[in-house]
Each structure stands twice: as structure tokens, then as C-alpha cells.
Amino acid sequence: MNPAHPIPVGLLGATGMVGQQFVRQLEGHPWFRLAWLGASSRSAGRSYADAAHWVQDCPMPEDIGGLLVQGAAPGAECPELVFSAMDASVAGGIERAFARAGHTVLSNSRNHRLDADVPLVIPEVNPEHLALIPHQRRERGWSGAIVTNPNCSTVTLALPLAPLRPLGIRRVLVSTLQAVSGAGYPGLPAVDVLGNAIPFIPGEEDKLGAETAKILGELRGEDPVGDPGDHIDPYPAVVSAHCNRVATIDGHLVCVSVELEARPSPAEVRSLMGGFRGRPQELRLPTAPERPVRVTEDPDRPQPRRDSMAGRGMTVTAGRIRECPILGIKFAALGHNTIRGAAGASVLNAELLVAEGLLR
Amino acid sequence: MNPAHPIPVGLLGATGMVGQQFVRQLEGHPWFRLAWLGASSRSAGRSYADAAHWVQDCPMPEDIGGLLVQGAAPGAECPELVFSAMDASVAGGIERAFARAGHTVLSNSRNHRLDADVPLVIPEVNPEHLALIPHQRRERGWSGAIVTNPNCSTVTLALPLAPLRPLGIRRVLVSTLQAVSGAGYPGLPAVDVLGNAIPFIPGEEDKLGAETAKILGELRGEDPVGDPGDHIDPYPAVVSAHCNRVATIDGHLVCVSVELEARPSPAEVRSLMGGFRGRPQELRLPTAPERPVRVTEDPDRPQPRRDSMAGRGMTVTAGRIRECPILGIKFAALGHNTIRGAAGASVLNAELLVAEGLLR
Amino acid sequence: MNPAHPIPVGLLGATGMVGQQFVRQLEGHPWFRLAWLGASSRSAGRSYADAAHWVQDCPMPEDIGGLLVQGAAPGAECPELVFSAMDASVAGGIERAFARAGHTVLSNSRNHRLDADVPLVIPEVNPEHLALIPHQRRERGWSGAIVTNPNCSTVTLALPLAPLRPLGIRRVLVSTLQAVSGAGYPGLPAVDVLGNAIPFIPGEEDKLGAETAKILGELRGEDPVGDPGDHIDPYPAVVSAHCNRVATIDGHLVCVSVELEARPSPAEVRSLMGGFRGRPQELRLPTAPERPVRVTEDPDRPQPRRDSMAGRGMTVTAGRIRECPILGIKFAALGHNTIRGAAGASVLNAELLVAEGLLR
Amino acid sequence: MNPAHPIPVGLLGATGMVGQQFVRQLEGHPWFRLAWLGASSRSAGRSYADAAHWVQDCPMPEDIGGLLVQGAAPGAECPELVFSAMDASVAGGIERAFARAGHTVLSNSRNHRLDADVPLVIPEVNPEHLALIPHQRRERGWSGAIVTNPNCSTVTLALPLAPLRPLGIRRVLVSTLQAVSGAGYPGLPAVDVLGNAIPFIPGEEDKLGAETAKILGELRGEDPVGDPGDHIDPYPAVVSAHCNRVATIDGHLVCVSVELEARPSPAEVRSLMGGFRGRPQELRLPTAPERPVRVTEDPDRPQPRRDSMAGRGMTVTAGRIRECPILGIKFAALGHNTIRGAAGASVLNAELLVAEGLLR
């Protein structure tokens, strides 16, 4: 499936750091054309070049710089498909307003991720959760919908765990080493981070557990009117997390010990992870990486600076897969937190929606 | 106990990075006077100022700079008490030669740490292991002895665990975020470390398990001739580690989940750790910190740059003590890797030996 | 001169980062006792421990933590001597109110530094500028006074230049590499600084020139009523600066090329800098370093992390003094920006005032 | 000009860090196909994947990983065009051996850069210096030749200076902030660099002056046999440098004050730099950037992390072009040290040689 014409898309929260990452991720996209930018009233009415304090490591795409930023309210010019990079403090109500007005909102914000009728999707892992959309529409009386992607650390954990589901995931103990770009802009002060590590990220440890359980969970509850399901039964694994901020720029590293019912060998785990493919690979979606999970045999990898860009930032790299004397298997995994963990995740969700014909 | 006269001490491996840390730790020491420096033949015969590429964040003590560096062989001028900061590639044989020649060698090297008849001591945790010395002397036919201190990550883990021994430590899952100074000099290339994290430190994960078990273990095996013991029964806890190098300068941070038989509450754990005192505190040894373990209630501490120097680098700080849904209790702990984790550990061992009358 | 009793002092802007540095600098001070803390209405009425987000690399002094923070207005309990660590956005008016109310304000803020009747003092360089105080009082009708210390980069430049005044300083071209702690808290975002350098610090290049000229300048204008002077003639050197922010924590490094009328050799410059002593050394002020400028012969020094703490942070280290084919002499210099460049500078100014009998 | 068939090329010093950068730069090159790898005897006989400790931030190109590494000696299978990324300690003799054997050696090593008969070329700046090749061949009796590219800091300075030659460059005072990747591998220890800056890079300040003068200089000395020239008259500008190593990964930042005879305004300088084009742009060489120098108006740019990749690493970005009260004009410039400053420079030289028909 390849759309005959580029599909215009909108972007809420366009001027912030995550918004900028969306702009990068959509630059030159073969299906989507960024046509509408929304932001707070402080930015509305200015050109994007003027309104955004661009902090990316590449130049601002010239055609986007000239776009006029709009207010964050639905309107006639705004395309059906809208990405949301808004701060959680305002995202909830605005995203609902857009969904009510008929837009399909692809949200990177945490506000609706755990709502019972909102899909929280990693396309390779739980594309079938998109079947919540009809139920969501009926429940909420919306013509549009909200679809979310996970938190940046969740995706780095959930992607390499997904291939292990057939073995029965019981318990997951994870320590994260998260990059500063995950904290948005301005995020953490330099004076707190240089030569330092911070063993705490507000709310992150809970998110990691709850989001992972929902993503790995099962769509359930065929309802009277024939919708395929009305909620997700969370996967019954126990997740315990230690979340740390470290002085890396991009790329979340996670150290995982996992207990699996089937007690596989490290070699079996390696093979399952490395062989894992999902719906995006089947559908050959434009930003789908060839391999969602890459297994490295190098003893000192994955490393944030060296492996984040695997699969153009969409592949999670797993390494050091070995026995854990406590939980059975342990490994390290790394994902690009602002690509696979944010803007890239939303864009891949959008590609999946288009390819599956789930837009209106 | 306070020696009437300063005790002269020697230092093997004086020119390297760990050696330099010994020089700092011994500067102005109330009991010890650094009187003899030994190093490889490359340095022997030169003044210390000339031989050492000083890379400390403070000036070289002037009186030490003028000392003539000797070869790394026992001789008449070398004092009985000798610290060893030698690289593991050469430390073994040289330390044995000094012990054979009657010296008490306080070694920071890994070579003899796990030998059955060599004490591996954290003075607050297992001072009674020094009772291996008579057996070691008889076994090896030495008039001197070798006493070792643990690896820098081990001490950061073992100190906060020690107060929990009465609760029965069963399983310990630990992820470390270790500072670059722990890798010696030159250690890791800057180009590997800047903006990066490395999920592997050669040999470290095994050391962490084996050393912790020995330190927490029990002196056993009263032998025929009446020595109090001839080996250590390792503590039966299972330790599983993920060791990471991060872009911090000093201070190893460890994220620990621990399973305790007694299923204590976080409050009980906090109380045990914060109330922990040992023999060095009882004896008021000069470099003993008031509290071996300090418990912080700040939600985002301990942090390497901000908490390493607690207790002049001799206190380990524990924080975020909370429930772990998998193993029961989890927390973060931080220790200064080159003070409590290296030179300071050896010096405190030496103080204990002196105070307990264990020198010849 | 040694005060018989500790002198109580106050601190405006106590909760901010510079305020915290004052707290550190005053801890255990032999003359001064921090007795009064003032801050914005947001903090007033709370204990210091509660009001300040302590970000120093050492614990908060316990006795200070218990002090109640007051509003930033003069009052009966506030001591005569008051340090000001307030943000420039509010410092001006508040400092004037305190001076009017009879307080001697030692200000680290930029607001009044360039006022004609306000001394901008480095005690080793221009202690005679304090003679502006009587004129300031008469002019402004104040019973108190404002005395300022320079910006953190200025002091790093002006201290090693001062000994060269006898040689005639004509032109100074300086590039700075400034530490993040110089930007206050929160200061710069980590995501802007990690693995990066920023060739711009707002206002800094102008400050560096104007402040240096004032500090090196001459007190002039004996006025009708007999005051020793009523303004400072700026030193006629031309200063051109390139100011950069780099990923260092503490310690501003400056690369200086200087044109001197007398065309001295590098050896003469070395000797002048290393031999430089000033009034604080003469008076043996408590925090005066033995040497205001230390000259290093090491080819790769001074370095921020390794030389900032020279003279307990009060010594500037100069190195690589060599010929410049363009301006004659070039060198690198390093000063601790939050000690000699901020809190320590103010405290030394206060010591000088006390020792010279310039308090009321 | 576009070669009909890919031109096979060789690479000396293939396993080191600079060698790896050549491998990256040549991956997917439209004209060149990396067909031969040479390295020290330690690596010879092994596959490249096995011999090289790959430390790039991207995966090793798969086809190169399978190539067998050869010894560093000319032989039948080695193509005419050979890049040299060898360490200076061995590069000299080996490069001469290859040139003698008929190879055109594009060298990134410093050994022959200042030889009178060896071109030191930045294709946009002094392509006419390649006319030294016939003289070099005759002089040395070689059928091949050596062509060099400048040191990484030189190119960052010389490129933005080149457009100013018509204004008469008299004096250049430059302070550099150089990235760690410029020191090769392993290069500097992390423990020296983290949170630090080092005001010294061995040999760098001299190189910066001598190389810049040669590059900006004029081909002279038409010799009896009709060669267009036999040496380069260095450009008569005085260059004075302060070279610093900072904690950046890629990208050398230089702060430049320059004295120009013509006393232009900043606006004129901006226009000259931004409008500068050279032979590579004319010839549309494959890796030539559209603009060799890009001028930014952002007040806090260029920054290493954000501007290094301009023009795919081949564009130098200049910013903050303003008046210097001492030398007339000052600005900051940034170049990617391992692309435009190393491998990319050599590859562009090779493209120029091919396009100009200067291979045999």
C-alpha cells in the first residue's frame, strides 16, 4: 500500500523539543506532508522559524520554517491526521477536542495512554489494539480518535520483551540509564547532569510497569454491538524499575533481568529477539526498520552513542544476553528515545493506521 | 589507642593513579607517615615528582614529591607496613615477596582477594576475618601477611547490605553506574565515554558476587594448632550484577533489589542502615566516618557528584529505600570509588590492624 | 587585626545557587557568623533547609538549615554587614534600600558594578578604590554603602593582568572557556551543554572589558569636602573578548594575548605574576590565599578540574606563559568562578573592609 | 565529469580511528570503491571486521568487514589511488614507498604536509597547488605522488579566512576548542577530559600557523623544464594560536580575531564568506558541499553538536561576525574535524584529482 498522493498531517505542540523531533521525522516522509502546525497562543500567528527555538542537531527544514503556526484548536484547515507533541500539562483536553472534531490524534503525551479505550501501540508488538478505536468512538461519541505511543523508556523495554511472550514473562527487573533529551527542553540543568547521575525520574518507574503491561496485554471484551473489544487485559508480568538519568544525549540504555516460565537458554532468547518481525515489517511501512530488535554479540554493546541510530533510530539493540542467577535471563537493550521512543513511534503508528485503512 | 610516634609506611605502585590516591589519603594522616615509595624499574631512582604523572585534582604534597622512588622489592629501608596499589598484572608475585620478607601488605589489588587464607576486609563489616592472618603465616611460611580490601563496586554494595545480614539476605540484583576513575589511568578513552554509557566492565560482575559473598561470610575451621579459623564460608546469597561505566568522574552508584528472609518494611531497612556502626567507629579510627552508611530521604539522591564526599569519602550514602514488587526491597547507594573503594579502604584496614595490635 | 567576637552577617538571595555558595564560603569562617538570611517572598517564613533547593557538592551546614528565611527588606535583626547574592533582575533596588538603611552591602550582582561612586574591588588589585565609600555615602545620602566584586570571568582575567600594570597594558585579546556553574541555577539546559560548546554568553564580553578597565583604573577627583576621590578613571587598555560556555563544572579558563609597552620576556612576566602579593596577603586576611596568582610550568595546565581549588579556590593559576607573535605575550589562566569569581570574592572584600576599619 | 566505472581505491592505516572514518566517508561513494585495505603486520591477514576495533557511531559497512587486510606495502593488487590514514610515527616512509611504486597517495598524515614539493590542499582554497605534482615526481623520481590535506584545526580556520584574502590578511589570533575525536584512538583518557578543558595540544599551535600560511600561499618558481611551479610562497600573515581540548565529541570550534588591510565591515565579511565558492562547487564534485562556508546569524552559534554536520560535515559554519576593537574583525567558526578535517578532506582532494585528470 502506497498512498497515491501525500497525506497532509498536522502537528500539535510543534515548537517544543518533541515537536521539533516530529518535524525532523516527517521531513521527506514518503507518505506524509506536514501541512499544519499548532502551538500555544504565545507562538500562534508567527512563522515556525520565528516561533520555535530550534535545538536540533540539524538545520530546520526550510519549507517548515515558513509555515504559520496556528493556535491549538481544531479548525477547517487542519488535516484529519494530527500528531500531538504537547506537554502533558495541556495535552489532555486539547487532544480530546481534536478527536471530538473528527481528527485522528497520534499522541506522544502520557495523558490518555492508560485510558481503557485508548490504544497504546507499538506497531510490531500490539497492532491489534487499534481495534479499540471503534469502541472508543462510540463510547466517547467522537468521530475522530486518540491513539498513543509509549513513553521512551517503555518502548526500549517492551520491544525486546515482546518476542519472549510465547515463553511466559513472569517478572522483569529493570534499571535504566536514560538520556537527557528524554526530559524535553529545557529539561535538566547542565549543572545537575555534568559528571553526575541522578537515580530518580519523576513518575517513570510506574509508567514503565503500567505501560509495558498494557502493551503486552490482550484485547478483550467483545461488546454487544460487535466491536472486537473494549479494553486491554494487562499482561500479568510484574515489573520493577530503577530509573536513572545519566549524562548521555540520546539513547536510553536498560539493564534487564527477566524470569520466563519456559526457562530458555540465552541462545534461544537471542534467536527469538533477532528473528522478531511484526506487522510493520510485513506491510513494509516506510519508517519500519528491517529488524525491530537487533542482537549484538559485541561484549560491550549496546552503547547509547554508537547504537542509537540502528535502523535509522527505529531499531532497539539488545546485547549481553546471558544467564541471570536470580531471574534466569539478563541483557542490556538500547533504544533511541526521541525517535523510536517518541516522534518515530507516533509516525510509525500513523503509517500503520493508513496501511490498515483505519483513517476515516 | 593512638600511636605515640608516627608509624612509617611504604607504598608499592606509588606512581600510578591508585598510588596517587594513597598519597592523598596518607597526607596529614595522624598515625602514618609515608616514608617509602616503590614502583617499577622505569620509575625507580627518580624523585616522585619526576616519576609520577600526577593527575589528581589537588597539588602533589611537597614532601612526597622529593622522595626517591625505589624498586618494587623488599629491602632494609622499607617499613613493615606496606600499601600496595600495583596493577594486577604484577601485584601477585611482588606482594607475596614482601609478605615473605616480613611485611604486612595492605593490598588494593585483586590478585589475592579470593585466596582462602587471605582476609578481604571492610573494617565495619568483617573485622573478625583478620583472624586468618596467623593461619596464613603458618600455611605460607611467611613472617608478614597480605590483607586485602574489596573492589570499588563491591564496597558500595556490601556496606549497605551488611546491616541487613540479621534479616537474612537471599538474593541481590544490582545494576551499577560506575565512574571513570575506577578504571585507573589512562583507563577508558574519552572518545568512548563522552555522552555515552558502556554496559560492560571486564570481570566486574563476577568480582561483585564473589567478593560480597566472602566479605559477608563467616570465619570457619578452627584448626589443630588453635588458630581461630582457616577459611571463610561465603555468605549464601545469590548476587546477579549488571555493571555499567558512565560519564561520571568519581562515585559508583548502584541500584539494588534485595530479597530478605525477614520481609522487613522500607522503614526497618532505613533504620538498620542508618544505625549501623562497626569496629572502626567503636575504636574511633582516624579515618573512620561517623556513619558507615548514611540514609538520605531526598527523592533524587544519592548522586555521584554531590554525595561521594560524605564522611570525607568514607561514607556510603543509601537512598530511595522502597518496596520492590519482585525482591521485596530496593534502593540506590553511592560510594566514593577511589576513597572508600580503594586507597581509603586500605588505610582504614591498616588503622584497624594497628589498633587491634595485629602488626608484628 | 582579628575581631574579638564573631561579626554577625546577613545574606540576601540566600536560597539561590550563588547564595548557597556564600553559605559554604562562610561556614566555619573565623570572623563572620551567618546570622540572617533574606530571600524572596516565596521563601520567606520557611526554614532555610526547607526553602533552598541545595545543589552543592557537600551537605548543607546543619546550623544554617535551621535558620528562618526573612523577606528581602532591611529590618532590626539584620546585621550591618550584608552579602548580596540576588539575581540582577531584583538586586538593584533591594541593595539600595539596604544601603540607605545603614547596611554595608557586599554585592556579587552586576547592577551597581559600573556606577561611578561604587567600588568594584579585587582586594589584591585595587583596595584603594574603597575610598569611594565616603563620597558614595554623601552623594546618595546613605548611612550604609554598596561595595561590589567583579563578574566571574573578569576576576580570572584581571588578577593575572594586575601584576603587569607597571609594564603598561595596552591591548588584551581574551577567549574564555567558562564553566556551567557560572550561569547560576538552573542555568543552561543539559541538552545544550553535553558534548557541546556555546560561543556566546549574553553580556559577558562587554562586562569583561568594562569591569577590567575599572578595576585596573585609578581613583580620581579629590572633591571639595576632602574625600580622597569621587570616581575611577578606567585603565586605558583595549580589551576584546570571545566568551564561550563549555562542559566544565567549575573553573573559568581564559586564553589571553596581551600587548605590553615594556615588551617583557615570558620569564619576566612569570616572575611578576608569581611574585605578586597584595593588601590581603599583607593583612593576612583569613581567606586570602598565600599567592593570588600561581604560575605553573606544566605544559598542559591550568585545567579547570585540577587547578580550580588552588589556594582553596582563591588563587588564579597562570600557565603556558610564552611569546605571542602578534601581541607579545600569551598565556592561559584559570580561576574558580564560584569562589574567587563570586562568593569568595565578596567575603574577601568584607574581610578587607573589616581589617581596614571601614565598617561604621 | 563522472567516471563511467567506479574507481577502485586503497586505504593505508585502515583499522585505526581515522581509517575507520575513511571507510565511512567512502561508503556509497558514487565514484570510488574501497577495494584494498592496508595496515600494520598485527592486522594483516585478518578480515577487516576482525582486525578493526570499530568505534564509529554507525555500523561497519558489511562489504568492508569481509575484506582481507593487507600489509602496508605496495603490491600488484593495490589500486593507483591510495588514501593514507596512518599514524605519523610510520606514515612517512610507507607513503613514500607507495608514491615511488606509482601510487597517488592522498595523505591525512602530517609527515609530508610542509615538504616544499608536496601540495597541501583544500580544494576550494588552493586547487592550483596540485600543479606541484609534476615537479614532485621529477624531483623525487617517482611515478606516483603524495598529496596532503591539512590538520583538522587548520581547515576550520583556513576555509573561512580564504574568502578574505582579497582584503589582505595581516594577523590572525585564534583560540581553538577542539573535540576529543581529533586526538585519534585511544587519544585522551576520559579521566582527563570529563568536566575539564586542557589548554594544550602538542604541536598544534605551530601546525595551525605553518599550514595556514602554506595553504593560502602562492605557487611559485616556474622551473627550467616548464613545470608550473616548484614551491609555495607562504602567505605573509602572522598567526598566533591558543589550542585547547574540550569535552566535545566532534567539531572544532575556533574563535578568531583577524586584521585585514582593507578594514571591511562585518557585513562585508559576512557577504564574502557566505558567497565563497571554489573549484569543487564549480566541478560539482560528489562530496563538495553547496557552500564551503555557511554564515549563521544566530547569536549563539555555531555549536559543535549542532552545526558540525552542516553540508554533511563538509561545510564550515561561521558566526558572530562582528568588530574586534583590537584586530578589526572577530568571529567564531566550526568545522567537523573528522570529516572536513580528515577523511572527508582527503576524499574531496581525490575527487578533485580525478576531475582534473591528474591521475596517471
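Observations on the model:
As written, the chain order gives the labels A, B, C and D, with residue 1 at the start of each chain.
Heads up, the rule we're going with is that a residue touches a chain if its C-beta (ideal position, glycine included) is under 8 Å from a C-beta of that chain, and two chains touch if they have at least 3 such contacts.
All of these numbers come straight from a predicted model, not from anything done at the bench.
The chains that touch both chain A and chain C are B, D. Greatest centre-to-centre distance from chain A is found for C, with centres as Cα means. Contact count check for A-B and B-C (C-beta pairs in contact): higher for A-B. Our note on geometry: chain B versus chain C, Cα centroid distance of 41 Å, whole angstroms. Inter-chain spacing, taken between the CA centroids of chain B and chain D, is 48 Å. If each chain is reduced to the centroid of its CA atoms, chain A and chain B end up 43 Å from each other. Of all residues in chain B, those that touch two or more other chains are 55, 194-195, 247-249, 305-306. Taken together, the chain A residues at the contact with chain B in this complex read 171-173, 175, 177, 194-200, 238-240, 242, 244, 246-249, 253, 255, 257, 299-306, 319-320, 324-327, 330, 332. Touching chain B in their complex are the following residues of chain D: 17, 55, 180-181, 183, 185-195, 247-249.
Within the complex, the chain C residues that touch chain B are 55-59, 194-195, 249, 305-306, 309-310.
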